[in-house]
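You will see two complexes here that share subunit A, one where it goes with subunit B and one where it goes with subunit C.
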Partner chain A sequence: MADSRRPRTSWAPFALPGVGWLVAFFVLSVYAVVAVALGSTDPLLRTARPAWNPADWDTTALTKVISRVVGGDLGHVVTRTFGFVALALVGCVLIGYPVAYYAARGAHRGRKILLIALVLPFWISYLMRMMAWTNLLQPDGYVNKVLEVLHLQSEPRNWLDGDWYTVVIGLVYGYVPFFILPLYSVLERLDGRLLEAGRDLGATARQTFWHVTVPLSRPGLMAASVITILPMFGDYYTNTYLTSGSPRTEMIGNQIEFYLRGSSQPQTGASLVLVLMVMLFALMAYYLVTTAREQRMAR
Partner chain B sequence: MTRRRFPALAAVSWLYVLWSLLPILVAVRISFNSGKSRSSFQSPSLRWYTSDPTASVLHDESLHTALSNTLVLALCTMLIATPIGVALAIGLHRWKGRTSQAANGLVLVPIVTPEIVFGVALFLVFSQLYTGIPQGLSRQVLGHVTFTLSFVVIIIRGRLAAVGTEYEEAARDLGATRLQAVRLVLLPLLAPAIFASLMVVFATSVDDFVISSFLSTGAGTETVPIRIYSGAKAGSTPALNALAVVMLVITLSAAGLAALVMRTMRSRTGMGAALTDAGGLAGLGG
Partner chain C sequence: MTTSRRDFLRHSAQLGAALGVAPAILAACGGDDETSTTAGPIADGLEPEAGPLRIVNYADYINPDVIVDFETKYGVKVEVSSITTDTESVTKLASGALKVDLNHSMSTTSVGNLIAGGLLQPLNKSYIPNLANVVPAYADPWYDKGGVYTVPYTYFGTGIGYRADRIDPAQVEEWGWDTLWNATDFKGQVSVLDDEREALVMAMLRRGLTDVNTTDKAVIDTALADLLELLDLVNVKVNIEGYKDIPEGTTTVAHTWSADMITGAAGYMPEGTDPSVLGFWHPPAGKYLVSNDSMGVMANAEHPVLAHLWINHITDNAVAEKNFSWVGYLPVITKLDADYVIGAGLVPENLRNCVPTADEIAQGLFLRPLDPDGIALYEQAWSTFRAG
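Our next item is the complex of A and B:
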């Protein structure tokens, strides 16, 4: 055993460049958000004056942003973001679960092709997929043509006019591949004997599904939801792209982008990012705690 | 276990596949449109690829600049992130102790960090702290390396666990130094995973919009996704579709190449599965 003769720490130098890189460009970057949010703004130049030293932190700007989020003018944007993400998540479950289930446990012939088709969107640029939808949803686009042929609508409709459902459909379309794959990998490893036991003990197919399959797929559903929710909360391009930047579909991400790039108010933008981070951190913590508890119970 | 037939599920699944891929096929078809419309197809032509004297991908400077920016950015990211990530994975896999646990946690955090947080954080650190680093491409490369590094580590660690330490220990017992064992035994065993990492980093970088956009300084540093995004406003032509199709062909060739190499490697060494990891990971960044 060559390794046991040497101290295990001798492998540390291999990790050094990578760890250094992450500290310099990830940890310090996130700290820069904190420093800018809790710093001050130059009164003349309107540029950020970050407070790198925690002793200099000033929470005035942050408190102001929080009060704007809780019941203030940013409240509706935050509520809308939650609404969009929740609806899109429901869409992902409704579409993603049957597809992942079929790919993992049902598909027989054509399974390979199905799997390739499920992975394919990962290799197609997200914005190209959105662009494809804007092509289809134009007033003279194919969606309207199909709906007219089917007599589902008589007048061409402008889908890209700033309607919430266009954004929700776009979000589902964009993120459902990320939902299906982690769910698929859990469903695939699901112990088929447990399902058979359910049937042998007299449960109907439906009962087995609700009382055995669904509880067993919970970890997959949770992981898939977290993987899709996190980026969706920070999304600002899907809604902007699909509704030509209509203010009626603005999400938190749009406000963040506006404060940092549109108008130079980096401190407000950074504070808003901090608020978003805390919300997502709470979400992650909930996920980690429940999965840890479930693993303990399974043992 | 025996596979049951689920006709309704089969229908839903194939309908989903149709829904997910048909729009792309329509967008590809529109790129060959002879007219200016991006929504209805007139007749096939290569106008928006080569023949239009001002607006085609070949002749519109903003379009081919975006294309070359994207490729240069992705190649630089690939060549920096992969070696650092491989070393990091080996180091973290072997090095035990409290500091190592902290480092392990640190590697996982970027994966669950939403891109907008990543983008803003990098934007602020470059504008407030690393002001000496030139704007544009250099900053974009540093940003992309930071957010793809963890993907490399995860792919490589998956392989490291599968490979085990026996071969390396055999080499050590036969007199190889540790570095020799890594170079001559471990790295060749990791080759399929390293290759998968290269492809995943490439695909992730090429696909990225948020970070590139936050670190972009205008037309000269636009990438293909940024160009597609800004083209949403009126006045864009099927040339944008053509640009997206060129990019699509490049990434799909990379994916196909990866699949091919993995298959050859698998049949020779009995190792594989990294590609499915790879496919899943490519999307994690959004």
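Our next item is the complex of A and C:
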């Protein structure tokens, strides 16, 4: 009965552009990747010959990639990628949370300026920013000069010689704005009365932060983490620029790039994409389940 | 030179693999002659077309002033379509997505198959009197017997570029390819070319093997094992940036192309650093990997006369020198030998050996097309190496 009293306006057509976009640029794209992974190679040009008909699918390349990832020569590339992303995420939390917190709850007059400053990096291409870092990190670059002025090192070092921490620093630098903004939007909407209640009940500022603010900001932390780590997993240019292609810092994105752009085996590259997608889907599933559970509890 | 050009070099071996099977496939499709095309050469004495002359080439691989000179001389426009890789070029040309008169920089691994595929037309050399200026060793290249379809554009070899102010040239001369393995004092400052064929073949040459087109898995696996040693020994990097990294000093020893050292000396020396700090070593003739790019007129060219006249233009001694001064890759022109380019101040004396000699070309090792299974072996080994 209640439904019969609602206006009869149908909202479904308004969803069509979004659905169309999703079908065109996600569903079909993913199917194209599947078709390439399970397809063949043009015998003349060695370019991908996708198998659009599932009856023509050939799992040889995919099976081989899985065996190389699970205990094979690509296993440590996957492990390394997860390690880099995990460390970069820790860096993003350590740097991003205080900034987002200050922007949301501490800064008053300077809030707009701070927000503009947070958005500024998006005005410059990610690649340009990484190229700028290659200059800053040169042996005679400003990073070394500053460290020497501060007496934190006596001799200039080459940050670009293939060390893992240079890549992690680069990832943190590149993606921390993506982390801060969604977290800020959650922190900014925190109900101040809950924080006051915590203090009124005798909690110290630190206890209030740990037992009230942090739990309430968990949805923001989760969203920021997902938004940050998804592109990090596919990143292949940060380490390429910052370590000049050191195999010690190779990530799974580099292998995908090699097989899709630099080899005659596009099926292998597409298969790697599928393997990575499955791994990320597991992470996404955890995020979705956790979020849904928290929403149920909030009701 | 730009990254695009280097990307091309990086991918040329792949294309070679891609097209290595072309003759067999074409034969299977009904072709009865591996080197036949659908058209013969153009007639003698034709007037140039009104243009425009359409060229496909890599970015920044022709001096813009040389293009303007041609436009002024013949009163036509020249349109250059840029591509990033050899694969991209062939795919677009074969599919008809790109229609041009002149393919300006074909790799040696793809030329034979472009001919077999009927994409090139035989040249009418009456339009190209400047062919007399081309290095005689390229009159009958292995990829185009008799030079019927192509004219060489630039050439270079593969060796070791290094900073002579950090590592003794005599030591590099003594060590040869072992320099890369012995440069343990320069951890993180050693690199190999980001090219599976070049890098793995280099490891084979180090062991004294000269069959640079082998598809023997055992040999490739041994080369891979040798390359993997470089990870711990020197924390090796994999890139095609030697042309700037060595001059700038972030790399001390690099497996690189000779042309990169000339380019680096000309355009990438930091202020206050003299090109004399650069050094280049390459194996002796007979063990020296030599490569070149070639020009050819497309079989479906709308302006074939202009295309021939362009080839004649770019092989003119003065034009070639002007082009080299901007491009950095040495034209295959007899006059522009080591003595001349050094005397003209285009190449520093310490990089004299970056200019391949006639003997080195005659005895050169060449990367030839491989069958798909063969290139797959190289690619898998390369993937394993890159994975660290």
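The working rule: the second predicted complex is superposed on the first by the 262 of 299 C-alpha atoms of A that agree within 3 Å, B and C clash if a C-alpha of one lies under 4 Å from a C-alpha of the other, contacts with A are read in each partner's own complex, and residues count from 1 in each chain.
To be clear about the criterion, a residue touches a chain if its C-beta (ideal position, glycine included) is under 8 Å from a C-beta of that chain, and two chains touch if they have at least 3 such contacts.
Here the structure is a predicted model, which means the values were calculated and not measured.
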item	value
First (subunit B), second (subunit C), both or neither touched by A:A223	neither
Most subunit A residues touched (candidates subunit B, subunit C)	B
First (subunit B), second (subunit C), both or neither touched by A:P13	first
Contacts of A:Q138 with subunit B and subunit C, given as first, second, both or neither	both
Which superposed partner A:D73 touches (first subunit B, second subunit C, both, neither)	second
Subunit B versus subunit C as contact partner of A:S244, first or second or both or neither	both
First, second, both or neither for A:P121, with subunit B first and subunit C second	first
First, second, both or neither for A:A203, with subunit B first and subunit C second	neither
Contacts of A:T41 with subunit B and subunit C, given as first, second, both or neither	second
Common ground on subunit A, meaning residues reached by subunit C in one complex and by subunit B in the other	138-139, 244, 261
Complex contacts: residues of subunit A adjacent to subunit B	1-3, 6, 8-19, 21-23, 25-30, 32-33, 35-36, 48, 50, 95, 98-99, 101-103, 105-108, 114, 117-129, 131-136, 138-142, 173, 176-178, 181-182, 185, 192-193, 195-196, 226-227, 230-231, 233-237, 240-241, 244, 253, 256-257, 260-261, 266, 269-270, 273, 276-277, 280, 284
List of subunit B residues in touch with subunit A within their complex	1, 3-6, 9-10, 12-14, 16-17, 19-21, 23-24, 26-27, 30, 37-40, 84-85, 87-88, 90-97, 99-100, 103, 106-107, 109-110, 112-118, 120-125, 127-129, 142-143, 145-146, 149, 153, 165, 168-169, 172-173, 178, 181, 203, 206-207, 209-210, 214, 224-225, 228-229, 231-233, 240-241, 244, 247-248, 251-252, 254-255, 276, 279-280, 282-286
Subunit C residues within the subunit A interface of the complex	10-11, 14, 17-19, 21-22, 25, 85, 87, 90-91, 94, 117, 187-189, 191, 194, 231, 235-239, 241, 245, 248-251, 372, 375-376, 379, 382-388
Residue ranges of subunit A touching subunit C (in the complex, touch as defined)	41, 43-47, 73-74, 76-77, 80, 138-139, 158, 160-163, 243-250, 254-255, 258-259, 261-265
